[in-house]
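Scroll down for the structure; my scribbles are underneath it.
Going in written order, the chains are labelled A, B, C and D, and every chain counts its residues from 1.
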């Protein structure tokens, strides 16, 4: 692989990693507060749909983004209702919401647009346009001619949609909120020992809803990016398991923001490679495309199996806070 | 009296589903006093105090603080009313530092740094004032329970509590640590603070409280001045009738050695040494009692003997070694060797709460010939057997079809005992046989254990109740920090000596305690 | 003391959940501008109005019985097996392997072999997630989801690679005539009932019903079932009783995977008579809803499977004759899971209060006399 | 009433299925008739859809896609009185009409245009599912490109090996970027819904693209060079018009019969110079007359102009 191809693959990795990273940070907030969320997938999907739908109708990507966040927040609210208020099973709630998203997006898309469960293709204005950093080249032809540094700058660093840069910014921001603010302290505490938070006079329910809400906002951004940044419109099941992979990345990252960045970049890279190359010839054997497609999932299983070191989840994670039986 | 009470509760009632935990309770506590609350397990003491602290919400009733009617819908309100509480089970964030735990919920601003700095200097002041020194940067996971309790007290004081509630604070402490705690409480009382102390130990009540309330089955049966009462009177108030505490038994006649335990060691997955070279023997026809403060390795010992914890070392039953590596060390193979086990926690381990009584009667023995037919369970046989056992152990109601959770604690324990004792084991392991069981049932259970001994069986009794150990055991081993500190004969020792052993001190021949 | 009578727990709560799910689905239909009344009429006539409709309803129900039982068995051991879909796909592979490469003289023997192979393949696909859960504590929910994706990739590879029939499509060759299962048309024909020849419901229906009975016996009558349930209720208690958690997790998941795999005798051998991509069509996921609705009891699963068979066939009709996407079924399924699984307490808590209040009122229990309180005695 | 069954890409894939839909709509508008239709969600539903329409008395039943061949073989026998029309597949049964297009001929024409428009001499082909049918497109395209520029490089990629490949715009977009990286300045997408991503990316990156099946020129005016027209709409329209009397047997639609061709309209008028148009029209005439034989990949599963 020559330098420019490598850059292109890395460039693509960064784009693929972005929704993973935002969703992963979303999960981080929720799970640090003790609410497991396998519904990241569904929230992203719902957000992807509504953002594309609204962007298509209004022609504004910003209204689309808002709508996407709204859809995701609605799902968060249901998850919160089920797992916080009614102390239901968080896994079942997540699974149900994933199905709900898978079904309702297509049903409504068909009802609104009658395009087979898709939204119309988004035109400029309805999408996140690439941001060209000062001095960067834009067209492939120019970049191909340029020197390596310029190639690196123009191909990899410049020319991404706003959410890509925002996602990278969310990482230090998440770290700061969790470890340097009062809210962060309480959030971490409620995921470890909700009874300690409760007896300290802080509302467990309020904190957990706040965390689930942040999770919703972030998933909304992730989903909106998928439909209005990475692609130009919504298609059925377009999240394609990204929510689950984000979850695996979260475990891989041991619920820490910086590690999450690394994990998501890795998964993004795998996806970029799988998308770009069909059968990969390793000389000795040819790796079939199905293996490449399945690689992120296989890797997830390996990570979950703890072959990369044991991950200890937040202690109260997954359990409803029950005071009175 | 003219003085206004610091706390006055009026007609507090609270139900948890079908369980009426508090029924129309009224109580007054004067400022600057220590007020004790006693009552059997499940009497509703913790519930009442949790209501005062805003942890639960009462169904009915009023709370008056310093003469003002106060709504306490949550703990925040209790804290602002000057109430602090140290719960029976600590409410600490295990992987936070002491400082973070103290600050949690009492931060000054949105940013953490300034709060932490202020708390650090404040803690130093409090530590000096009340002999409550702790390392502010230690992580809770790494410090002992005694230390954790100090953190809880510091939390309350940091929030400016004038009224301090302590729920069974000495349950997890050694006698020496308990003494230290009481000195602290005396100091707080001199400062003018009001203290409510829940405990099961009549001696503590007599030693430190000014007034005492007795609870029974959700009701407040009496409140008296400590100086005007006596332990026997309090015991009677607690159970509602005269109590006979001594167990009738004849001296043991030990026969052949049943079990020989040598050099047992356990290290858990966090790398903590839970058992350190434990060795002992038990002979047929004797009861070996293991005394110790909870959490010093007794549970692990029972788990190893019962076959569901791995260990190194050796255990021989009638001279035959059994596997401890986890390969074949399951409960089923232990039972096949004639070991029966009444676990410490009947609801978590001893019973399947959602199984009916008859299903529970077969639990652990479901592979027995009598209970099976091929791959199937012989349900009719089990039911019949269960009826007999319920009859003999006076389980009420004697209905095999009721689920375990619908029996009261004492009756649940009887079901477990019936199952294990009637299986006629060579060795019976018993953990905390009377925890949460009322006095009547205690007498019955003690009699059954002694009867089994007299049939020539070996019994290992683990209990945190020194009275129970002293009354039942033929020999007493004391555990501290995963070790057996020493063995004593019940008629040649007393609570004081055992207490020192429980704290990790050995008594040298000269009589002066030494650190182990 | 239970808070509610048993009938309320097993019938009333699922019923209310179902009604809520149905109401919300009706709202969705209204929202997309169609008539819920029309829709329900169409669903009923399409799914139950003819032997053709029944044939499809029963065909789908057969699938859901297998996957619902699969999820139930795992539930009893407190495992949440979301991998039914992948296990069913692998079961299809198992069926195809046996039927494509081995000549069978008669469908009966072919069915036996295919069932065994499907179960083995399905179980094998559950084995690794089970092992990882038992030994390494990897969350079975996520690993089984991952295995669904990996199963799809594996099937994909097999169908565009080694097992692909000549031609454009990624599919195996059609299985030999001799292995085709008799449909309800053939079976009822023997006793003179005229049943639509077009519908795919086939003899596997009876295998599924037999599986319901077998699972019932397993769970409530055998010692293994006793151990599985005990483990599900309380792991510490199971360990105390000498029940190996490892063994139960493995056995329960293998049985679960095997049952999910068995679904393939219906959809692959019985209906398609060859293996195509995505043969399981989401039945593995529906199994979750079926198990939750059916309270993990085989009889409940049987009834819930019929219900979902009806929904599925009715939903297919909606997609054909109304402007409603087939995905509406996924929405209904999601709502059923949400209400019966996650929002259970929303219905249970008020119901418990009602029952408690009713009990307090009607036969006044002999209340204990109020003991003398002498709160003021101290002063 | 007639009925129409769309394949997995969906009715609005802007390509193959949408073309079928257009034909049905045209018939409905012109005759005022009504028809039933359904979009499949999965492979396993094909047979049910066929049977349901047959049971319902729809006649003829038209299906778009080769994947219907196997289920149709079985279903057709059960409903001898119903006529079936399969597009892109061949089923030999007395009541089935099989419509086949000479996609290689149409692709040859757009291949010529691609090579004529290319400045780099490198043109790209992005296929959907990797099956002989799609290689037939690619092979014709390569032949056309090489015919006008013997030095032309043709890069070919397939989106996948399963029907999902028809509906994967992201992969289409990434593959387009990769081909641009290799120097391509015209890409031809024969990939159903996936092509939407290809055309989008080509427009974003300022290169030319070629649409397929339906006329896709309007999607990005001035940036889509042309579209390879495959008149699925005509096939559907004809079948609907003939109704129950539809003629059965094999029906091959090539350049000669107007079944395939290239699109020229106001959106790409500026891109196609008169010289280009003349060259292509000449080739088209030669093909129609049988003077120019474009090699059909499916005839011997090999291609003289490119290796897949």
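Keep this in mind: contacts are C-beta pairs under 8 Å (C-beta built on N, C-alpha and C of every residue); 3 or more make two chains touch, one makes a residue touch a chain.
All values derive from a computational prediction rather than experimental measurement.
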| item | value |
| --- | --- |
| Furthest chain, CA centroid comparison against chain D | B |
| Gap in Å, rounded to a whole number, between the CA centres of chain D and chain C | 40 |
| Euclidean distance of C-alpha centroids - chain B vs chain D, Å | 77 |
| CA centroid of chain A to CA centroid of chain D, Å | 36 |
| Length of the line joining the C-alpha centres of chain A and chain B, rounded to whole Å | 47 |
| Of all residues in chain A, the ones touching two or more other chains | 114, 117, 290 |
| Multi-chain contact residues (two or more partners), chain B | 17 |
| Chain C residues counted as touching two or more neighbouring chains | 156, 327 |
| Touching pairs among all chains present in the structure | A-B, A-C, A-D, B-C, C-D |
| Chain A to chain B touching residues, read off their complex | 179-186, 188-189, 192-193, 195-203, 315, 323-325 |
| Chain B residues touching chain C - in the complex, by the definition given at the top | 1, 17-18, 23-28, 211, 213, 216-217, 219-225, 240, 306-308, 330-335, 341, 343, 345, 348-355, 359, 362-364, 366-367, 372, 375-377, 379, 403, 406 |
| Residues on chain B engaged by chain A in the complex (per definition of touch) | 16-17, 53-56, 74-79, 85, 87, 91-96, 100-101, 103-107, 109-113, 115, 155 |
| Chain D-touching residues of chain A, taken from the complex the two chains share | 4-5, 8, 12, 114-118, 121, 139-140, 144, 230-233, 235-236, 272, 275-276, 278, 289-290 |
| Chain C - residues contacting chain D, complex | 52, 56, 156, 159-160, 167-171, 174, 196-198, 200, 267, 271-272, 274, 276-279, 281, 316-317, 319-321, 326-327 |
